[in-house]
Every structure is written in C-alpha cells, then in structure tokens.
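Down below are the structures I want you to see.
Below are two complexes that have subunit A in common, paired first with subunit B and then with subunit C.
After this line comes the complex of A and B, so read on.
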C-alpha cells in the first residue's frame, strides 16, 4: 500500500470551491483519501501554493505533424538539447521538443495531463506510439472530422444520427477522445488547393457548408454523450476581418448540456481580427468576449502568442500555405485521404511587426475581458502561438498591469491605436489563474468526474506544489517571482508519486491514455453497414480491418464508455 | 489456412491486401502480392540459431551466449555504431535508439544511403506531401522522376496511382496523364504519356528550367536543356499547370545522382511554385518497408531522422560526419551492430573492409553479404511473417503488420531489450 501525506499545503482547488486554505492532502494508491496511516511518508509543503496538476486542453505534442515539425527542423532541435541525466533521457528541441522533452518540461511546470489537439484518424497509431513515449502526463487525442467524407455525406442528408454513428465508429477505432473540427470543410477544399471564405460557403463537390457541419456535429456529440464538447478551430484562421466568422460561429452554439459548454473554441486569438488586410488589422477582442460573456455554452482558449521563434502546425492546410506566402521560410503540407490535412511552417513573432504586437495584445485581452474565468482557458495552442514553456510569463502578464505596461513599452508604438489592452486595469488573482490552468480544463473536457482537475477525496492524486507563498508575494509588482515560481514546481506529483522535484524528473513514469467508446445500437454499427464498408474499401488505401488501432498501443488505456441516444 | 488483409513487409508501398496461405510454420501461397512479395513470403534462407565465427569457422551458440557477447562487445567499444533498422519493426527501432543513447553510440539507418539527401532538402525547404489515397482519389497528373516503380515498387501504380480508380476519377487510366523522367528507358517509361529523357546528371538543370517556365520566365530557357527540348519542357509545364491535382514521386535516380539534395530541393521548390497555380504534391518513393518508420522513431526520441551521435551525451546530428559511411570510411568505429539490413552488399568497399576488421554483430533472420563480414549473427523472427509490429508506409501512414504463425524465433525487439538490460545493468540509470 503506497501512501503519501502532503502537509501544510496552501490549497486552491476551484472545482471544490477551495479558495486558499492551509490543508493536508492524504494520498493512498494514487488517489486522494480522507486520511493515511502514520507510516505514510510526508512532504512538507511549507505553506506553498498547491494546486491540482495542470491540464493542457489544447496542445500539439504527439503525432504525424508534430513529428514532421521535428523532422524538418534540425535548427529547432539544436536549440533545446539536454543530456542524459539520472532518469532523464536525452532531449532535443525548443518549439517542438522530442516526446521526452515535452514530458519533462510539462512536469517541471506541474502539468499532469495534456490533450493532443489534432489526430488524423488514419494516422492515429502514430499519435498513440508517441503518447507511450510521453511518460509523465496522461494523454487524450482530439480526433479530426473536419473534412471527413462520411460526415459530410451525413450532413448533406441532414442525418444527425448517421453522423453520430460515423463518429462512434471512428472514435472507437482510433481510440480518440473528442471531436475536433479544424477549418471544417476548408481542409477538404484544400485537397484542390482552395479554401472557404466563410461558414456559409459550400465545400466543393460535397454541397455542405461549415455551419451545417458544425451544427450537425454539435448535436451528434450530445447524442453520443461524449465527455467533451465539439472542439472547434474556426474557419478563416489568421485572416483580417475574421472576427465576423467567429461571431457567426459563436451564435451557432445551442444550449444542449447543463454540465458543460456545447462548443469549445480553440486559439481564439487567431480568430479575433478586424480590418480587411494586414495593413488595417485591429483587435476585436471586445466584440468576441462580449459574445462569449453572453453565451455560457461556449468555452474558449486564448491561443496567446509570445515573441520569439516557434513552429506553427495545424490541420488547417490552406492557412499554412497562406502563412508560408508571407514568411517564405519553409513549408510542409500533408493531406490525409478522406479525412483532413495539415501544414507546418516555422515562424518568428517579433516586436518589430505591428501585426505580431496586435496579436500578442489580443490574446491577453481575451482573458482579461472574459468575465468568467471558466470560459477562457490559458493556452498558446502550443507550439503555434508559443511553446508551452511560456505559460508562466503569460500568467504573470495576466496578474500584473505593470508587467503589461513594461512589455507594452517595447512594442511597435502604433500598437496602442489598434488594441484596447492598455486601457484594461484588471489583474487576475491566484484563484482565477488556478481556474484557467486546470479546473476549467477539467470541466470543459468533462473529466472532473474521472477525478481530474481537483483534490477532493476520490480524485486522482495529481498535485503541483509551487515554491510561492501567496501572502508574501504581490504579483502586481513581483511578476518575475511569479514567472520563476510557475516555471518550476517544488514537487510535481502524478498519481500519488513525486515525478519531478525542483524541475528535475526523478522517475521513469508511465502514463495513461484516456479515450472514449460510445456504444451505439446495432443498426448504427457502421462496421455492418454495407455502403460504409464498400466506400471504405474503394477509396481508402488501407483495408478496413487494418485501420483500427490495436489495444497494444494503449498499454494503460482508460476507456470512458458512453451510451448513445440513437 | 488463409489469412486475409496481410501486410507485405517488403517495399515502402506496404500493401495491406495480401491473402496468404499458411500451413503450420510455412507460407505456401500468396495472392495479390507482386513477385517481390512472393519471394519475401515464400523464400527460406533463415538461420536456425545464432552463429559465431572463430577464425574461418562458424560455430552455433545459444541465444543467451549470443546476447551476452553482443552486450559485451558494445560495452567495451569506445565508438560503437548501430546501423540498419529499415527492415524491422518500430518497437525494435525504439529500443535501438535508447540503446544508442545509453552507450553514447552513433545510430544510423539505411536512409543514409537512399533518401538521406531528400531529408536534408526537406530540412531546408519543407515538404508539400500527402497520403497515397489523396493521389489515388484526386490526381489527374503523375510524374515519376528518377524511379522505376514497375520494377522497384511493382504495385504502386495499380494500388495508388495510374491504374487505381479514385473517387474523383472513375476511369482512372484514361483520365490521368503519366510523365516519366529518367536517363534511360524503363518499364515505367514505356507506359508514360510523356517520357522526358535527360542526360545523366541533368536533373537539376531540367528542374530549374521547369521552374523558370512555371514562374513566367520561360524566355530564358535555351533550345535544349540537358538533352530535353524547349518544346517538351513547355509542354510539360503546361500539363502541370493545367492539372487539377498533380503528384510527383521521385526515387534514387534523383537523390543519388549529381546534385543530390540540391536536386530534391529544386523539385520541392518546383512543387511549391506549382501550388500557386493548382494543387501539387511531391513524395519520395521509400524503398524498404519500414525505412520511413526508422526516420519517425529516431525523430520522436532523439529529434533527428538519421545519423544521430550520442557520444557527447546529447543527440548530435551532422550528416557527412555522423553518417555510417563516413564513420566507417574514417575507420572511426570499433564495434558495429547491424540490425535488419545488409550494408555488406551496399556500402563502399573500404567501409566493408573496416566492418570486417572490427567486431561486427548482425541481428537478421537471413544470411546475406553482411554475414560474411560479421563475427556473430543472431537470427530473429521476420516482422510481418512470424512477428507483428509497427511499420510506416512511404507516406507516413503507420500500419501494424501481422504474425501469420507462432515463431520459433525471438523478435528483434526481444533480443535488443535483453542486450539493453545487460548494458543498463552495467551503466546504471
């Protein structure tokens, strides 16, 4: 029986409405319990800020395009090399680290769960292989349906149940967690080198629009009772004037689930631009947050960008080509038959670029103008806006107006005419940061009932103890200490075991992968549907039998079963 | 017993629709496979047990002894090289990289002598590619450049391109145009709508001329470029621009001819240029069934697709310095583990001579040219026949190969894990 007692922790646990109390946290067999024996080893938290383990609800860390980001970028690999040390493997990479590099860096920051933002079903096996080499975080995979032919056919037939059946079959086959739509319809158009300009444009050859795909998928998602909602990367990413598309999309979200949002919008910073060209682009964070504030059925993450080098990677192939035409560095693209696509380019966000300065401001504005912190999650769309190691800096910016002004002074001086940021006085507090970095994620992903994202007895013992005493630290002025404090936990505890101490990983680790199996009635089981099977065999290049990911790729899989209403 | 939907572990096409008839521990028939597949499934030149060389003699040894010897050799070496990996499962490749890390060794895969230049070009300019099904369903123009799929990837055209019916092309063979570029006529060039015959070493110039034409600078192009007429170049450029979806496939004729990675870079930049007019993709024709897998596995663990040197404790990559041929040429390594490949048949003579002069250990089911340079050979199960494991198709699609009958042999992964365990015990965490 393994036990552990964390003593004298200053706990903020938003899901249980604990807003800063000195407490003990008893742990047995990887779970939080009421009490432990007096033989339990003790960690003295010394009154340090103690939170549930961090959860990243949108990050690109594993899979085909992530690995291609590494493959094509030896310069990035050189930038983050660490040697083998104790239990720690060699790591390489700054913006797209190796799997162990990602895992260790997340651990150092107190993160214990990560959702991979985009997995192409056909190539799912690859994502799962990399998951098993990301030892210290439990992993989940958003599964791409944006250009799925069977989905678009069901949408054309206005057959929500069939769309749900397709989702059920694919999630089960590829061991995915949630529905991801990336530029819905646009990735199929990119199969012909085209894109869509709005959510009412028709997808070439398929006769459906993004709005119809999104609407159908939201309803299919709820029919299947999936833990998470539809996870949407809106159309028109990175296009001046795209806030209109975003507002139209927010308006689509119905009220279907009392427990959580019915639509999750990712990296909204990239979708909140006014203007008509790069010359007159401005921030529309006020309009977007106004819509979100009025719509509790929507949760978003920021997609904050931070200055410096990074690699962009997304299933949004056409967007990456447009971005490449601006940057002219290098460009990779990888379209996936019948399903989706992807693109990768390196970028450098610079304070010398007015556009980049505006982008930087918009992300912060989204967080500061959203009234309810549960509706705005802190993320960079790692590594698109910035590598996740920048999270502590983002936290400090949100907690300190002074820090924002200090950074603002380094920007292109025209920035202030295009953004409202410097007129916003709000400074987030420790509780709000705890919501935006773990509790809101657990709730939005629908995994709090699995004991994730909180510290009540019965929950998984994922705990982060940061070397900061909130009563001795004024984040408004001592932002450098906040950055240092969130960058390295004193202890990161995963499933009741100390995995990292003072930034160093101390055990080998073995994660779990959480996936979802919606159970559907036999008449909706597509493996018995002759038309589906025939199409599969005709147009895919792998046989249907060779498509599903075998259990051996998930040595510690955790399956959430749901009963579909079909 | 007939097993359906079997995956062929021979070439980068990784066809997954074979029907294989098995009797006990033997394959007695293969349907759907090409002749290469037949040979792979039916061939039987497997060693019965590990063998060790003493002087001119080979003596059988036990697996325990062979594994212990291999671990000792690697532990005692100052600069071990772990080479090969394209003919084995991803699981073994993964243990291989960790073993190299632990030993401070150099690890390299066979792409170093095939598509290494393609990787270097991709690292300079990227890679607009796609899965093979995109080509099958959409492409109305195909270009095979410096490769001869009919011989080397016999089912490429029937499964994925020329003859494969696609969603948007009902009568594929008539609706698609095929262009073959090569220095000589081949089986593949005979079926092409357009055969561009170029002078040896002329690829770079021809690619540059095509780029110039597509870019609207065709006036600069002379009457003939490396043996190709200006008229043909313009005709081909027009075909490319008029295509709705074009797909270029290229082989060693482009990667290993004069210009090497510069050729590939030029071809990728031509593809990029064509994307300003229409949709175009480019893909390397990967040879061995899992060579692309070795690039993938190496990358997610070490950050680099091949030629990784762990001697400094970190992962260091510098093709030309850390590549197997260069290390052997300099006589630098003092022990070599060869896994699932045959450098003895493909490396320059002085590299082979060096391999013969140091303790070289081979993990491979078959006797091949490398056996004659080795001191120890450990036979293993064949992934895809009597062992299952992960493989990556030439377009990056991962597939799990099957085991058709229980094996008498351990897998590469098992052997490597046991070697790793001994090394780890000695070296500590």
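After this line comes the complex of A and C, so read on.
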C-alpha cells in the first residue's frame, strides 16, 4: 500500500471552491483520501502554492503532423538539447521536441494531462505510439472530422443520427477522445483547389455549408453524450476581418448541456482580427469576448503567441498555404484521406512586425476581457503560437500590468493604435490562474468526474507544488519570480508518485491514454453498414479493417463508455 | 605563440575526436582543454604531444599546428575568431564551423562541411574536400555568409549550398549541384560540375570548366567577356533560377 502525505500546502482548488487554505493532502494508491496511516512518507510543502496537476486542453505534441515538423526542421532539433541525467532520457528540440522532451518539460511545469489537439484518423496508430513514449502525462486525442465525406453526406441528408453513428464508429476505431473540427468544409474545398470565405459558403461537390456541419456535429456530440463538447478551430484562421466568422460561429452554439459548454473554440486569438488586409488589421477581441461573456455555452482558449521561433502545424492546409505565400519558407501540405488535411511551416514571430505585435496583444486581451475565467483557457496552441514552455511568461503577463507595459514598450510603436490592451487594468489573481490552467480544462473536457483537475478525496493524486508563497509575492511587481516559480515546480506528483523535483524528472513514467467508446444500438453500428463499407472500398487507399487501432497500442488505456440516445 | 599538437598513438585510432575546443583563443588560457574521443571526455595531453613556443598576448598571435593522424579530428576551428590553424595532413568533418575571423590552412584533404556556415576569415585547403563545402547544415537556410574558402583540389556534391555571402573558389571540379539555393556571394569552379546553381535566388556562380546539365529554368542572356585572376574568358550568361520568384542569381559558364 503506497501512501504519501503532503503537509502544510497552500491549496487553491477551484472545482471544490478552495481559494487558498493551508491543508494536508493524504494520498493512498494514487488517489486522494481522507487520511493516511502515520507511517506514510511526508512531503513538507512549506506553505507553497499547491494546485491540482496542470491540464493542457489544446496542444500538438504527438502524431504524424508533429513528427513531420521534426523531419522538416532538423535545425530545431539542434536547439534545446539536454543530456541524459538520472532517469531522464536525452532530449532535443525547441518548438517540436522529442516526446520525452515534451513530457519532461510539461512535468517541470506541473502539468499532468495533455490533450493532443488533432489526430487524423488514418494516422491514429502513430499518435498512440507516441503517447506511450510521453511518459508523465495522461493523454487524450481529439479526432478530426472536418472533411469527412460520410459526415458531410449525413449533414446534407439532415441525418444527425447517422452523423453520430459515423462519429461513434471512428472514435471507437481510432481510440479518440472528442470531435475536432478544423476549418470544417474549408480543408475539403481546398482539396478541390477552392476555398471558402465564410461559414455560409457551400463546400464544392457536397452541397453543405460549414455552419450546417458545425450545427449537426454539436447535436451528434450531445446524442452520443461524449464527455467533451465539439472542439472547433473556426473557419478563416489568420485572415484579417475573420472576427465576423467567429461571431457567427459563437451564435451557432445551442444550449444543450447543463454541465459544460456545447462548443469549445480553440486558439481564438487567430480568429479575432478586424480590418481587411494585413495593413489595416486590428484587434476585435472586445467584440469576441462580449459575445463569449453573453454565451455561457461557449468556452475558448487563448492561442497566445509569444515572440520567437516556432513551428506552426494544423489540419488547416489552406491557411498554411497562405502563410507560406507570406514567408516563402519551407512548408508541407499533407493529405490524410477523406477526413482532413494538414500543413506545417516554421515561423518566427518578431516584435518588428506590427501584425505579430497585434496578435500578441489580442491573446492577452481575450483572457483579460473574458469576465468568467472558466470560459477562457490559457494555451498557446503549442507550438503554433509558441512552445508551451512560455506558459509561465504568459501567466506573468496576465498577472501584471507593469509587465505588460514593460513588454509593450518594446513593440512596434503603432501597436497601441490597433489594440485596446494597454487600456486594460485588470490583473488576474492566483485563483483565476488556477482556473485557467487546470480547473477550467477539467470541466471543459468533462473529466472532472474521472477525478481530474481537483483535489477532493477520491480524485486522482495529480498535484503540483510551486515554490512560491502567495502572501510574500506580489505578482504585479515581482513578475520575474512568478515566471521562475511556474516554470519549475518544487514537486510534481502524478498519480501519487513524485515524478519531478525542482524541474528534474526523478522516475520513469507510466501514463494512460483516455479514450471514449460511445455505445450505439446495433442498427447504428456502421461496421455492418453496406454503404459505409463501400466508401472505403471505392475511395480509400486502405481497407476499413486497417483503420481500427488495436488495444496493444494503448497498454494503459482508460475507456470512458457512454450510452448514446439513438 | 606557436602550439604544436601531434597526435599520440591510440588503441582505437578510428574513433573520431570531437575537438571544437581547438581554436587559438582557447590556448591563451593555457593547455587545460578537453576534447571528446567518441563519447569519452579527454584532456588534450591524453591525445596529443603538446609543444608550445613563445608567448602571446592576444589570440591573433596564436598559431596552432596539428600533425600526425589528424584525419579523424572533427570540428577544429569551430567559432574561431582570430589566429591561425595549420593542419599538416588531412582533417575531419566540420572544420571551421561558424568561424568569424582568422585563417585555417589544410595541407591535405578536408572532409565534408568544410567552413560550414562560416561568417568570416579564410580557409585554404590544398587537397580535396568532401560534400557540402561551405554549406549550411541540414535544415539551415543560410550557409556561408562571409570570408573566403579556397580549395585547390576537387569538392564533392552540394558545394556552397545556401551560400549567402563571401567567396568560395574550387580550383578543381565539383560533384552534383554546386551553388544550390545560393542567395548571395560568389562561387568559382575551375573544373567541371553538373547542374550548377539550382534554385538560386542571388549571387554569382562562375564555371570556368565545363558545366553539364544546366537546369532548364535558367534563362540564357547572351555572351560576355569575364576577367578572373588576370585571365579573360568568354562566358555564357544565365539568369535564374526562374523557378523562384525573384531569382536574381547569375550563372556564368565558360564557352567552349
């Protein structure tokens, strides 16, 4: 019986409404319990800030798209090298590190769960293989449905139940966690050499619009009772004037689930641009956050960019092509069957670029103008906006107006005419940061019932102890200490085991992969549906039986079973 | 100050030595320098007989002479910024990585990536060199940016890849695709080559021997007279590479 007692912890646990109390946290068999025996080993937290383990609800860390980023940027693999040390493997890479690099760096920051933002169904096996080599975080994978032919046909027939059946079969086959839509319809149009300008344009050859796809998928998602909502990357990413599309999309979100949002919008920073071209682009974060504040059924993440080198990777191929036309750097567009696409290019966000300065400001504005921190999640869309190792810096920017002004002085002086950031006085507090980095994620992903993201008895013992005492630290002025504190935990505890101490990983990990199996009635089991099977034979390069990922690829899989209302 | 390093006999002489610390500026601080033999860190005196003559007060007064079995020593002169290195025999890969000033003289042959991404200074190789001479490393978008590399013998494939500045002179022949992705600077090839200048966007590539298989996206732009090292040649001018937007490179090939 393994036990552990954390004493004198200054706990903030938003899901249980604990806003800073000195507490003891007893742990037995990887779970938080009421009390432990007096033989249990003790960790003295010394009154340090103690939070549930961090959760990243949108990150690209595993899968072929990420791996292709590694192939494409050998120069990136020469950066960020760390040598073998104790239990730590050799790692390398800065914006697209090795899987162990990702895992160790997340552990050092106190993160214990990561959601891979986009998994192409055809390439699921590789994603799961990389999950098993990401040892210290529990992983989940959003599965891409944005250009799925069967889905689009169901949408055209207005057959929500068939769409739900397709989702059920694919999620079950590829062991995915939730529905991800990336530029729905747009990537498919791109496959035919065309592009869509808004969510009411028709996808060529299919006669459906992105708005119809999104609406149908939200209802299919609720019919299947999936834990997470539809995870949407809106249309028109990175296009000046795209805030209109974003507002239209937010208006689509119905009120279907009392427990959580019905639409999760990811990297909204890239979707909050006004103007018509790169020359007159400005921030429309006020309009977007106003819509979000009025709509509790929507949760978004920031998609903050930070200055420096990184690699962008997304299933949104047309958008990556537009970026390539700006930079003329190396690029890749990748076609993954009839379901989605992908694109990858390396970028450098620079303070010399007015557009980049405006983008930097918009992300922060989204977080500061959203009234309810549960509706705005902290993320960079790693590595698209910035590698996740920049999270501590973003936290410091949100907590300190002085830091924002200090950074603002380095920007292009025209920036302030395009953004409202420097007029915002709000400084987030420790509680709001705790919400935005773990509790809101757990709620939005629907995994708090699995004991994730909180510290009540019965929860999984994922704890992060940061070397900061909130009563001795003023984040508004001492932002450098805040950055250093959030960058390296004193202890990161995963499932009751200390995995990292002072930023160094001390044990080999054993993560699990969480996936969802919606149970559908036999008449909606598509593996026997002749039309669905025929699609694979006629159009796919692989057979239907090549799709399912076997259980051996998930040695420690955790399956969430749901009962579908079909 | 003249530092002479002569290799000692080793049990396994084929194991390469990673010697990025053999640069003149380091010897000013004494001989307490380590290099790697395979994956083992070694002190300099474990691998070399060291002889030091004379004093020096600044790195540009330091001359390092490498003797013996030097063909397995890699990364000599990495980040060198002053002084002189003379290699009495062959030298391994990555000699003169990122060097910004000073001089390297190689009396034998040099392996691949001679003068990789170098910023300034001079490298002279009296023998042949391998592939990627004066190029960028895999994934880099800029190769050599300044200085001069002169090879008296032949070079391998992809010489001066991503050349962005400075001068590369190869008096012998090169392999396939010299000057590929050139952005600036000058590449002179004395002998023959194939497919020169592919995808270049800037700079000048001069072929004084015979260039085979010039790629079709170069536009012929007449014949002109070229004087190089006091000799004059009639050269065919090509502009390109037209496959690139703004391919402003110039390819000059001697007419038969």
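One rule holds in what follows: the second predicted complex is superposed on the first by the 566 of 566 C-alpha atoms of A that agree within 3 Å, B and C clash if a C-alpha of one lies under 4 Å from a C-alpha of the other, contacts with A are read in each partner's own complex, and residues count from 1 in each chain.
The rule is simple: a contact is a pair of C-beta atoms (placed from the backbone, for glycine too) under 8 Å apart; a residue touches a chain by one contact, two chains touch by 3 or more.
Computed from a predicted structure; not experimentally measured.
Colleague: Going by the touch definition up top, name the partner, subunit B or subunit C, that contacts more of subunit A.
Modeller: Of subunit B and subunit C, the partner in contact with more residues of subunit A is B.
Colleague: Once the structures are superposed on A, label A:534 by its partner contacts, choosing first (subunit B), second (subunit C), both or neither.
Modeller: It touches nothing on subunit B or subunit C.
Colleague: Examine A:158 and indicate which partner it touches, taking first as subunit B and second as subunit C; both and neither are also allowed.
Modeller: Neither: A:158 stays clear of subunit B and subunit C.
Colleague: Per the contact definition in the header, classify A:83: touching subunit B only (first), subunit C only (second), both, or neither.
Modeller: The answer is first: A:83 touches subunit B but not subunit C.
Colleague: Just subunit B (first), just subunit C (second), both, or neither: which does A:338 touch?
Modeller: Once the two structures are laid over each other on A, A:338 reaches subunit B alone.
Colleague: Looking at the overlay, does A:123 come into contact with subunit B only (first), subunit C only (second), both, or neither?
Modeller: A:123: touches subunit B, not subunit C.
Colleague: Taking the two structures together, which residues of subunit A meet both subunit B and subunit C?
Modeller: Touching subunit B and subunit C on subunit A: residues 72-74, 77, 330.
Colleague: Please name which positions on subunit A make contact with subunit B in the complex.
Modeller: Checking each residue of subunit A against subunit B gives 62, 64, 67-68, 70-74, 77, 81-84, 86-87, 89-93, 97-101, 122-123, 125-126, 129-130, 133, 149, 190-193, 205, 321, 324, 330-338, 341, 344-345, 538-543, 545-546, 550.
Colleague: Which residues of subunit B touch subunit A in the complex?
Modeller: Subunit B reaches subunit A through residues 4-5, 7, 16-17, 90, 94, 98, 101-102, 119, 122-134, 136-138, 159-160, 165-168, 244-245, 272, 275, 278-279, 281, 295-296, 299-305, 310, 312-315, 317, 390, 392, 396-400, 429.
Colleague: Provide the residue numbers of subunit C that touch subunit A in the complex, in ascending order.
Modeller: 137-141, 245
Colleague: Under the stated contact criterion, what part of subunit A meets subunit C in this complex?
Modeller: My answer: residues 72-78, 328-330.
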